[in-house]
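One structure is given below, represented as structure tokens, and several questions about it will come after.
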Amino acid sequence: MMFDSNAVDAPRESCGVFGIFAPGEDVARLTFFALYALQHRGQESAGIAVSNGKSARLHKAMGLVSQVFTEENLAPLKGHIAIGHNRYSTKGSSRVDNAQPFLLESVLGPLGLAHNGNLVNSAELRQDLLRHGVGLMSSSDSEVIAQMLAGANGSNWIERIRLFMVRAKGAYSLTVLTHNSLYAVRDPWGIRPLCLGKFCNGWVVASESCALSTIGATFVREIEPGEIVAINDQGIESIQGAPPSRRALCSFEYIYFARPDSILQGRLIHQVRQQLGARVAAEHAVDGDWVIGIPDSATAAAIGYAHAARLPFNEGLMKNRYIGRTFIQPDDRLRQLGVALKFNAMNENLRGKRIIVVDDSIVRGHTSGPLMSLLRESGVKEIHLRVTSPPIRHPCYLGVDMATHQELIAHRLNIPQIRDFLKVDSLGYLSIEGLAATIGLPYNHICTACFSGDYPMTVNQSEGEKLAFDEAIRRGG
Amino acid sequence: MMFDSNAVDAPRESCGVFGIFAPGEDVARLTFFALYALQHRGQESAGIAVSNGKSARLHKAMGLVSQVFTEENLAPLKGHIAIGHNRYSTKGSSRVDNAQPFLLESVLGPLGLAHNGNLVNSAELRQDLLRHGVGLMSSSDSEVIAQMLAGANGSNWIERIRLFMVRAKGAYSLTVLTHNSLYAVRDPWGIRPLCLGKFCNGWVVASESCALSTIGATFVREIEPGEIVAINDQGIESIQGAPPSRRALCSFEYIYFARPDSILQGRLIHQVRQQLGARVAAEHAVDGDWVIGIPDSATAAAIGYAHAARLPFNEGLMKNRYIGRTFIQPDDRLRQLGVALKFNAMNENLRGKRIIVVDDSIVRGHTSGPLMSLLRESGVKEIHLRVTSPPIRHPCYLGVDMATHQELIAHRLNIPQIRDFLKVDSLGYLSIEGLAATIGLPYNHICTACFSGDYPMTVNQSEGEKLAFDEAIRRGG
Amino acid sequence: MMFDSNAVDAPRESCGVFGIFAPGEDVARLTFFALYALQHRGQESAGIAVSNGKSARLHKAMGLVSQVFTEENLAPLKGHIAIGHNRYSTKGSSRVDNAQPFLLESVLGPLGLAHNGNLVNSAELRQDLLRHGVGLMSSSDSEVIAQMLAGANGSNWIERIRLFMVRAKGAYSLTVLTHNSLYAVRDPWGIRPLCLGKFCNGWVVASESCALSTIGATFVREIEPGEIVAINDQGIESIQGAPPSRRALCSFEYIYFARPDSILQGRLIHQVRQQLGARVAAEHAVDGDWVIGIPDSATAAAIGYAHAARLPFNEGLMKNRYIGRTFIQPDDRLRQLGVALKFNAMNENLRGKRIIVVDDSIVRGHTSGPLMSLLRESGVKEIHLRVTSPPIRHPCYLGVDMATHQELIAHRLNIPQIRDFLKVDSLGYLSIEGLAATIGLPYNHICTACFSGDYPMTVNQSEGEKLAFDEAIRRGG
Amino acid sequence: MMFDSNAVDAPRESCGVFGIFAPGEDVARLTFFALYALQHRGQESAGIAVSNGKSARLHKAMGLVSQVFTEENLAPLKGHIAIGHNRYSTKGSSRVDNAQPFLLESVLGPLGLAHNGNLVNSAELRQDLLRHGVGLMSSSDSEVIAQMLAGANGSNWIERIRLFMVRAKGAYSLTVLTHNSLYAVRDPWGIRPLCLGKFCNGWVVASESCALSTIGATFVREIEPGEIVAINDQGIESIQGAPPSRRALCSFEYIYFARPDSILQGRLIHQVRQQLGARVAAEHAVDGDWVIGIPDSATAAAIGYAHAARLPFNEGLMKNRYIGRTFIQPDDRLRQLGVALKFNAMNENLRGKRIIVVDDSIVRGHTSGPLMSLLRESGVKEIHLRVTSPPIRHPCYLGVDMATHQELIAHRLNIPQIRDFLKVDSLGYLSIEGLAATIGLPYNHICTACFSGDYPMTVNQSEGEKLAFDEAIRRGG
């Protein structure tokens, strides 16, 4: 899959969620537009569930939002409450059974669930369900959550969500649909983002504020760690579902995942990234002729670096805009001949220059290596690579499908070795302190586990439970 | 859907099931061929689940068997145990979520299930599951059965199947797949057929023996009412899962459903149908020039009638062989102009003749009416309609999607009224006694509920439970 | 392709054509229904072209009529004149470029063409066009005809059609659409059928009368050999486009191709086939217990045989009704194990009996061999095979894709050898004289070239011209 | 179609072409990669034709390159010569019949053709073909060219191409494939780009050099106006096919069409765009806080403006990267509520700032209006819009589907009126002189007809011929 985000060696995000309660509005269509804005958080599958107050309907399928939905399949999704989900693209277990939302009939009526995150104790929770006699149809954490809610003891949904929160460890930003209510739920660590907005006479919740902007909703605030927001005909209510734990907002949302036009903790992502660029400029100063970014994710950081270093910003690499999967790949010989599908270097902007290259992260090094080669062959004089994240040395167990320990280049090599491997003149990573200071949250309010190994909760670092289904084990949700 | 079997006013069958245990064989491919032979029992969706002894895989989708499976999606279905299912075509809730087999992870490992039949107490069983905390993803009885098995108390699958059999009332012929075993299960009434065959060093079970012939397996015997057959590496074992009830084999299997080349209770269906024709000839003798059958289902009966009455058999109606769905329909004006998609009369075979027309059943009369008109317009002198089943006056609650009371023409009209409605010169239905005698089983060993209203167990004749999902209530399985 | 008609070793037909001129009617929809009735003449592709008096539109694609057309793609086909085409299924050059109708812009406006038949001098006509500077986009004879019409000298379409008829040798039943007229054209030999019908205030033409019955049109007469029928706002006109040649109606239309409910030369095909059965009964009398036909094409002949021989008719083989392509095939081992997808024998109808089996033709013997084995294994006492056509010893160059000389079993073997090859107790083919007498036309009014080698015109028996396109050479149209 | 390039009011490009002659290489796969790099020039359809020295094969279909081709359909495209084509996306006549390349059989063997451009005398050439008796199957100029070549008098392809060049007026960059040769042809005005590269032991030609970089080929030179380059086993040969006319390279290739990493007339497009930004900065100086570009096409120009004006560059608008068609659109009410699918403003980068916005062109003003509103609502203090092209006042007849006279905003309004319409504080367009000077070619070597009305050849400004086909008239190729 040629243009799989995987191919650029980036961490892969773990889904986008959305919910809307808006009597009188075409909630399915609005959810479609919101999912369209959240498409960067997952390209594998998309789905929308709608309730009309009595019963619920669902449509979900593999593919981009624009491929999954048509006027024909949107038409039956009538109602005033909807939730939606984008699932991220993977090679392994690409199955419609894992697509979300899940929609169940429960003793309390219909239950729809969309989940972003990953539970660290899902193997245990899964076994509990199985032992309780619940058969599971997919390998998804999210089905586990849905069945936990369907089978909890509470006499109403809020009680059931609370009971779930007592048991669950890990990352979960949820939108939940019942016959008459929309719930937004965020784990006590606040690991993945979730925000609240106002839309006409109704309310919306979304993984990122860019979805609010896209549909013309007004940003209200973020859902707090451990908070349940319940929305129905009686209005909106906030419940502390579980006591907040140590906060652990994923720092990669700032570095890479979130759209630049989203606002997180009161700050525009694009501006945070400019400042990450400025900070790495301060930490690893070097003289140069041009500052360029790896498109598109490092552009904001490169602009910030350039401003801070009082050097001119320019573009040096051109990225093919036509994102789409293909199974047609160059073979090794063609690769050696120089077939390079994703990026071309603009040699005339580079030749003879001392180039400062800003990238957001290096995971396995598979992409950085060829990109640095491409730049070198353009005739640059010097390459100084600056990375606006610290070295990634530990896997994520909280919803980001990065890599295993052995795959992580910074787990295997130290910084001078990485510099030599990439054949660059200098290499500077942002410090963890610099990252935290720039994000502007207390150090212990963000999750930096992939840099430090300091996970916000105990994690069982085994490779995951064995499933009865024959498929690659999926950590995502 | 122009060529939906529905369009010919026939009772609609409730699925075909298959199972195979055959180490060393390509069990998925063999299941494909078997499902192909059972295609007449269901055209809506098809699926195959396979176990390799450790884990299981599933592929299912909407459409005919030949549309659902390709070399590409068969290839990963490796193993030595497989089950397969064809689901029948409906207008209402045509959803992939209802397609079978179901494949669950359970505390005892993978559980695959394919079901033909209908439970009369499924609303109650469903509520029990919901109350126990199991969320249900579809409106299918079969998911209910799968979750009941997954959540039963028994420490092994046979115990669990037995516990299920204690609770379940109604029709179920099941094939069940676990990591290392194949089970065949038939309800204590023996309502829907299920037979056992030998294939090389392995075993097969199928709804009808025609599937055995198609793959070259040898017919061994029928699975008995209340019997569980368990097949694994240790061999084959028969367990009486529940005490047999009053036997109630569906008489419509003889009249219409089963393929003419299948064997049921030791008799070739084609021969039983010939004798049904002979019997109705005896019960309602009339003189005529030709005997014709409504193609294709009444051909055997018409041949039998002709032999018995010593009248010549011929064809009078031509049926378009290209069975396939289309949404393109003649409007009312075109219908009045004579647009008739399914049948043409062969006037030259009919003109001036006294025709004895043999049909297998009349459900709502929607098809019989236009067909009799078509025959009359051909210039026949007389039409004598003979039906090889008794008048259908009661709905089926055991897996056949016939019609409601109000839709059944014989519920609303008596025989002379039906004769007048159809504008035929005479009309003769087979008697219930004649039916039973011809089938050759004791009267109380077959189910004749749709004729007599005498259901083999108590049925709640309400229109079904309300689901949280917004879809037509489905009785089928 | 498992259920390709090819798989039953039958001659393959060369397309169905249709045309309608009917102001005020939904001509595209009516053409759809007519093509549906003609589906047996071609399953590879389907298409409809419509003119509204000013401009023309076309939709065509690979697949069955019911797969190719939807309400969505029928909707834009507005107008009062339409033509339609079904193309037959082949393995080789299955390309949408060869689908019909062809729609061209010409100096006289739009030109649509649908063709059934095959030209024996198409290589020469093709070269003429190429030399005249016309580039050809497909390997289809029909594109050649369309470009000949587009480029002819005549100042109106009738003159152009006449000029084409002077040049063309071979079989062509055409429907032609221009901006304001519908033309029906039949070659001077009258090789392939074409008939005229009345529909409300308009007119229709079709390959077979069954299409007229299906849409409620009234049969008027056949188009005569060499005749052009022109239909437009001024009414209907008949022109002798070319002097009639020796008549040469394809005898296989009677034996196999045409639908039993079509009328040809004033006689119902089903009745002709009954009489072919009666004739072979007379020519090769034998005693037996049952007469059975190979379903479905030989049923009428078997009924006729039975009546003539005063023996009972029955069914002995069951054919899977679910016609559809699949690429999934049993391998050799599975075939040896007995996997047989298309037919099952009904042993109980056969065991211990002397069976007279009626078939319509034997082309290569690939199907007859396994079928006779299937019957033998059922326990029959004797098999007497009767074929309602003479031995096929020569290829057809006029639109039927039979086989090459070497492939034809009756070219390689004499009748006793074929009997031994098929391991039947006796084998009787209909005589050519018997065929002609039964059809009821003078011997030199039908084409019997595939039996006698006596082609109605000189044919170049080479294997066809070389095309610039890399595809199997196609003779069909 | 939500993300149709149309939706951003940009001129639409008229296709990308490619050709390769490379014995021993997988030319179809290489063509795939090259078309992938040229995807920005056309997203409607894609196709590849290949010759193996004897015969040719073609695959083409609607959709993006990555959607059209699979390993399965690439596999049969074996050979050593290939051509490929991307066709641009339109609303009107989106038909596979217009997809390219065209592949014809001609008297000289196979002829494949891929065309970028538009002929101004195609109506006349079309009539000539029709009068000569050639029927045309599509509305495409390119079919006209293919049939002209197939029917020309010359005894070899070069003579035929020359005869075509005598007759044709307008823009054409062609790649032509015959059984043993590849030809590259450029019109005498050199309107659309076409360049030559070396690949291992073979040669390639492409619309833009970015395709060469992508497959690892080396740029050699541009094809000259009026030049034919012939490549075959004997090597490469350059022929002056027609005397060069006044040069008229489309200036919009520099402004908008070409990929920034392509080289045209020796200069990197990205650098030319930087200088266009610098030039408009000089022509319309204004003070401001930030320079932003409309993403992505104006980014290079905005960088250039910023450098020249010594102002900081930043991003202010975020564009949804997930390019794909959808038919799901906000209705008017949702638009008024602020549903904005393509762009979001990053208010925090804009609020209180004096913003200089750089755009490449304004065609109808449909996109610029809403974008300027979006910026104003972000709280900017001032908006100064700078456009790196002159006002577009005239339609293009040479292959760019811009708009009609009446649709062009600068045809209807003068600059102060446009400024008021867009509600910006100031508006500055680049001068025609500035454009020419920056491109660095003599004024009369580029085409500026859409700005000046000074077409490089006489054009008939009628709205196009009437076609016999009922479809929107297409000027593109």
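Going in written order, the chains are labelled A, B, C and D, and every chain counts its residues from 1.
Note that a residue touches a chain if its C-beta (ideal position, glycine included) is under 8 Å from a C-beta of that chain, and two chains touch if they have at least 3 such contacts.
The structure displayed is predicted, hence computed values, not measured ones.
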Chains in contact with chain A and also with chain B, listed by label, are none
Per Cα centroids, the chain farthest from chain C:
A
In whole angstrom, how far does the Cα centroid of chain C sit from the Cα centroid of chain D?
48
Chain centres from averaged Cα atoms put chain A and chain D apart, in whole Å, by 36
Cα centre of chain B to Cα centre of chain D, whole Å, reads 60
By the touch rule stated above, which residues of chain D touch at least two different other chains?
none
What pairs of chains are touching here?
A-B, A-D, B-C, C-D
In the complex with chain D, residue positions of chain A that touch it:
2-3, 26, 29-30, 32-33, 36-37, 39-40, 43, 64-67, 69-71, 74, 199-200, 210, 213-216, 259-261, 263, 267-268, 270-271, 296, 299-300, 303, 306-307, 312-315, 318, 320-328, 330, 334, 337-341, 344-349
Of all residues in chain A, which touch chain B in the complex?
52, 54-57, 102-107, 109-111, 127, 130-137, 146-147, 149-152, 179, 467-471
